[in-house]
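Naming follows writing order (A, B, C and D), and every chain is counted from residue 1.
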Amino acid sequence: MAQHNNQFMDVIERFKESRSVTIGATIIVLFCLLAIFAPQLSPNNPTKACLDDRLISPFTEFRYPLGTDHLGRCFLSRLLYGTRISLMVGITVVSISATVGIILGVVSGYYGGLPDALIMRLVDATLAFPSIFLAVAIAGILGQGLVSVMIALVVVDWTKYARVVRGSVLSLKEKEFIESARSLGATDLHIMARHILPNIVAPIIVVATLGMAYVILSAAALSFLGFGPQPPTPEWGVMLNAGRVYMRTEPHLTILPGLAIMAMVLAFNLLGDGLRDILDPKRSVIE
Amino acid sequence: MNLLEIINLTTHFQTPDGIVQAVDKIDLSIREKETFGLIGETGCGKTVIGLTIMRLLPPTATVGGEILYNGKNLLEVSETGMRKIRGEEIAIILQNPTTSLNPVLKVGEQIAEAIRLHQGLNKHDAKKKAIEMLDSVRISSPSRRANEYPHKFSGGMKQRVMIAMGLACDPSFIIADEPTKGLDVTIKAQIVELMKEMTEHKAMLLITHDLGVAAEMCDRIALMYAGELVEYAPLDEIFEKPLHPYTIGFLNSLPKKGLVPIPGMSPSLINFPDGCRFHSRCDYATGECKQKHPDMVEMGNGHFVRCFHARS
Amino acid sequence: MLEVEGLTKYYPSGVIRKQYAKAVDGVSFKIGKGKTLGLVGESGCGKTTIGRLILRLIEPTAGKVLFDGIDLLALKRKELRAIRSRMQMIFQDPDSSLDPRMKIGTSIAEPLKLQGATPKDKIGQKILELVETVGLHPEHINRYPYQLSGGQNQRVVLARILAMNPDLIIADEPTSSLDVSVQAQILNLMMDLQSTFGHTYLFITHDLDVVRIMADHIAVMYLGRIVEIGKTHDIFNGAKHPYTHALLSAAMMEPAAGQRERVILKGETPGPTDIPAGCRFHTRCIRREEICMLKDPETVEVGDGHYVACHFV
Amino acid sequence: MFNYVLKRILQLIPALLIVSVASFSIIYFAPGDPAETICTGPDGNTNPESVEKFRIEMGLDKPLHTQYLIWLNNVVHGDLGYSFRSEKPVFEHIITAFKATLKLSIVSLVVSLIIAVPLGILSAIRQNSLIDVSCMVGASLGVSMPNFWLGLLLMLLFGVYLHWLPVAGYGAGGDIEHIILPAITLGTGSAAVTARLMRSSMLEALGQDYIQTARAKGVPEQVVIGKHALKNALIPVVTMVGLNFGYLLNGSVVVETIFGWPGLGSLIVDSINMRDYMMVQGCMIFVAVLFVAVNMIVDISYKYIDPRIHYGAA
């Protein structure tokens, strides 16, 4: 192995080697740019209906490059703004559930005993439901809206982080360097902050990246089922559901939002899989 | 008569970091019924020699030279022909019995498989033979044990199974790769005793880092350092008149001999130093050693050494 | 310096019927200041557990550990943390003894910072000193553990330990994963450090040849109990327990040693959950008689500080 | 073995209790007063008298924990209450729906295994070949594809344009034409996941020392792959089948809704939309118990697949 004095450089080196990381990261960066510059890039107001311009096919009118939907709204603008919503939902849900999951997972793994038993039973109970069933029930009861979708997904999602973190902490606890830190007289807090957290960053990054894909896909599914945001909001799942009525005549209303969802989910999946291979302890820089 | 003759054998591996020259121009021969010890430290390439003879290397390896077994060059035998030789004529006892036994197959079945393949026995007879083999390696209640999975066996017993598997088809040549690694002292003594007894009339290449084990079992010993042999001689010669500074250093670093360390570290197999590969760690090194790579020279009594200063 | 009395650790197992794995079963010994006790035994005999019990990395079931006259088992967590700096442990696997995400320098600095006795601006200099003491190059300070060899990492571990300036060092098979030539380097370093700093060592190993050089006293363990303990010279020249005999004769070397009588034990060591009744060694002992199956032998003194647990001494 | 099963069941009890509390509280979290909600007719009118009667009848005037215990007792006896829409027992609805879901899941599972296992093995033994690369690209797409979208596309192609298959519906008890599209939609994701797992566990098995042992015995390469490697590689894949069940149940929510398949998924979505909360509650507890039971059975059956696992005291 090249002798870099910097672990970071080693990881960067491997990033470049991995095709799936390159492709995934590129698509994600593109989507981020689209989301940031959506107002500049959109030719029209995404929520402004114009009943005179209903159901225009793509590439037929210069004003509406990708045509319009059943209310005459510019489809390209709606797709661009949809990027913002999907990324926002993904980032919010993943960061909240990761924070909750990491804290509970570290406590559970490090201290064991009663806190562990309580947290793990809560995890068991959450995992006893198939995740979408649970999310549907929660979102359904909380009522329609983006916030209920996000709450539902956090409730489902935090267990993933808690389990991964707990598992990593348990195996780290067996390592001699933790024991030796204890015999140096280090406090629990010091050990958790200096030895445990830095060593579980890699698996958390992988789970969070794949988690983005899962959350974006599930949020779209919940919206598609009608639990998501209300009509004028340009959410991809909602758009897809609205478009299916016109599937026979205007299939682009169904195909395009689906493609957008798939591209974004695929990008995060590719990045996550690539990262997992790179950060895999079996071939990691820690050899 | 030499049963196995290795001439100018080279095994290189292509890796992202460069070419690993695990085995570099090695000559050695093994006589019938002889136990030949190949000794070296971690990463000197000794395990690769065994795998090269068996042609069990990954596709990244390139092999050069000749391996003559009964006069036939094994490197030119077809893959089908090689399959017939493996297990039937040449057997290898791989290191690390815990991972070398298939966890989902019964122990008896793993032994019987080779018997069925090479001796054409039916399932029932092969199993009977497998049980006999287990009995011969002193596993108690062998017919019950044959129906168990490897995880129920202790490390020492797994090693016995590996020996039984290797000897099942009565091969004439055995390669044993670190057969006592990781075993407790008293168990190690048992295994050494067992192997001595079971391979008395067979030729064997014993690959190990443990001089004590080699001293118990071998007729001749070779020392390997950084991909090449540096010295080989009959057992007594090595212990009484070691000539190569590495051999001397290796012996002296043993706890029994006073724990005198060799300074420094072994070189990596990717870039060897110029000249003698040992010169940077050697007390006797001169200018010559830094520039020229020494050849193997015979010192009499079948004692060979790769050092410019061996005569002095 | 260290006095251990009746140290015991049972692990409960079984859901319905309670069983106990007796990992350590009433172990007593003493180590004098600046001396080395070699604790010898095969895998699963509980020798590793003893090291961790003394440091209270695991809590003992019963027994007493006196360190410099202080009863360690009576200490509260906070007091224990304070005293732990005087006792350090070196582990078998150097690669997992160091945090893979920490540079060597940071690892060595950690104990200095935790202790707080070294002024901040002196830490860098102190690290350099320590690195030199254990025979590493200053350039290693900025490396990560995976970039060093096993032997070098074990030197880093020693540097970390020296930073704490401990009185007692518990070495748990510190060289068993290393090649012989590297093992010799590390063991020599440990002996040099001992003569410079006056450390007391508890040296845990399976290798009798190693303790012969390292230790003043040797304790031989079998299935959670010490079966023989005495001065190194007495153990090597006048071993009384049949198990010690077997260990000594199993250590192989040199063709010239001649056809000495070889004791090869039959069978394997039973597990700690089913320790045989009577003398725990009787299932493998070549001198076994009826009494061995019935009665657990007392430990008797057979010479100056030489104790043996066998019916036939 | 018996000990292990017992221990697993005992471990489940706390989780199931939390599940039951969560399901019980659905009615209280739902907007509106539960009694009113339940007594609201499809026309949206509530009769205060019947609400009061219902309150007493259902014990809704009692303290909450008493209500919970009554409810739990009923649930344990298979009484999940009545659907306000049909006024038939919730349990009956669930069983009917479950049969439909089971039919769909089994067909999808079989389809996905038949496709995924051979492709995964082939990809592993021909690592980095064209077959391998295309399988893995396909698998990445399969995992990332929204199943509601895939369902609509299939519907559009085979139902609307080609008229080969019915667009949606259950047909006469879920006959072949009707099950094909939903089964493919549902099975795609799990096929992708299974193929990847099969490939990676096969690759891992092929890298183990015991493979070297088998080759050293002179075992032919087909036998090395087909016997020594495959037996080990299948263990995680069989484990997956258990996980797959959860995956399929999840997928059924969307797929059944699209194709109008009268299973558990569409039942829960419809019930939420219709505010039939007794039904939602029943579905949740039923699905949870089912899922937990399946996972436990899978867990226990490992013993027969993987001899390394001890179900002992530890």
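The working rule: a contact is a pair of C-beta atoms (placed from the backbone, for glycine too) under 8 Å apart; a residue touches a chain by one contact, two chains touch by 3 or more.
Quick caveat, the model's predicted, so the values are computed rather than measured.
Ranking every chain by how far its Cα centroid lies from the centroid of chain C, the top place goes to D. When every pair of chains is scored by its C-beta contact pairs, the maximum goes to A-D. If you average the CA atoms of chain B and of chain D, the two centres end up 53 Å from each other.
Centres computed as Cα averages put chain B at a distance of 32 Å from chain C. Between chain A and chain D the centroid-to-centroid distance comes to 22 Å (mean Cα coordinates, whole Å).
Contact of a single residue of chain A with at least two other chains is seen at no position.
For chain B in complex with chain C, the residues that touch the partner chain are 41-42, 154, 156-157, 184-190, 192-193, 209, 211-213, 215-216, 235-236, 239-240, 249-250, 252-256, 258-263, 265. Within the complex formed with chain C, the residues of chain A that make contact are 3, 5, 7, 175-177, 179-187, 190, 194-195, 198-199, 285-287.
Contacts from chain C toward chain A in the complex involve residues 52, 55, 57, 81-82, 84-85, 87-89, 91-93, 96-102, 110-111, 114-115, 142-147, 157, 160, 164. The residues of chain B lying in touch with chain D in their complex are 51, 54, 56, 83-88, 91-92, 94, 96, 99-105, 110, 113-114, 117-118, 149, 151, 162, 165. Put simply, chain A touches chain D in their complex at residues 20, 121-122, 124-125, 128-134, 136-137, 140-143, 213, 217, 220-221, 224-227, 237, 240, 244, 247-248, 251, 254-255, 257-258, 261-262, 265-266, 269-270, 273.
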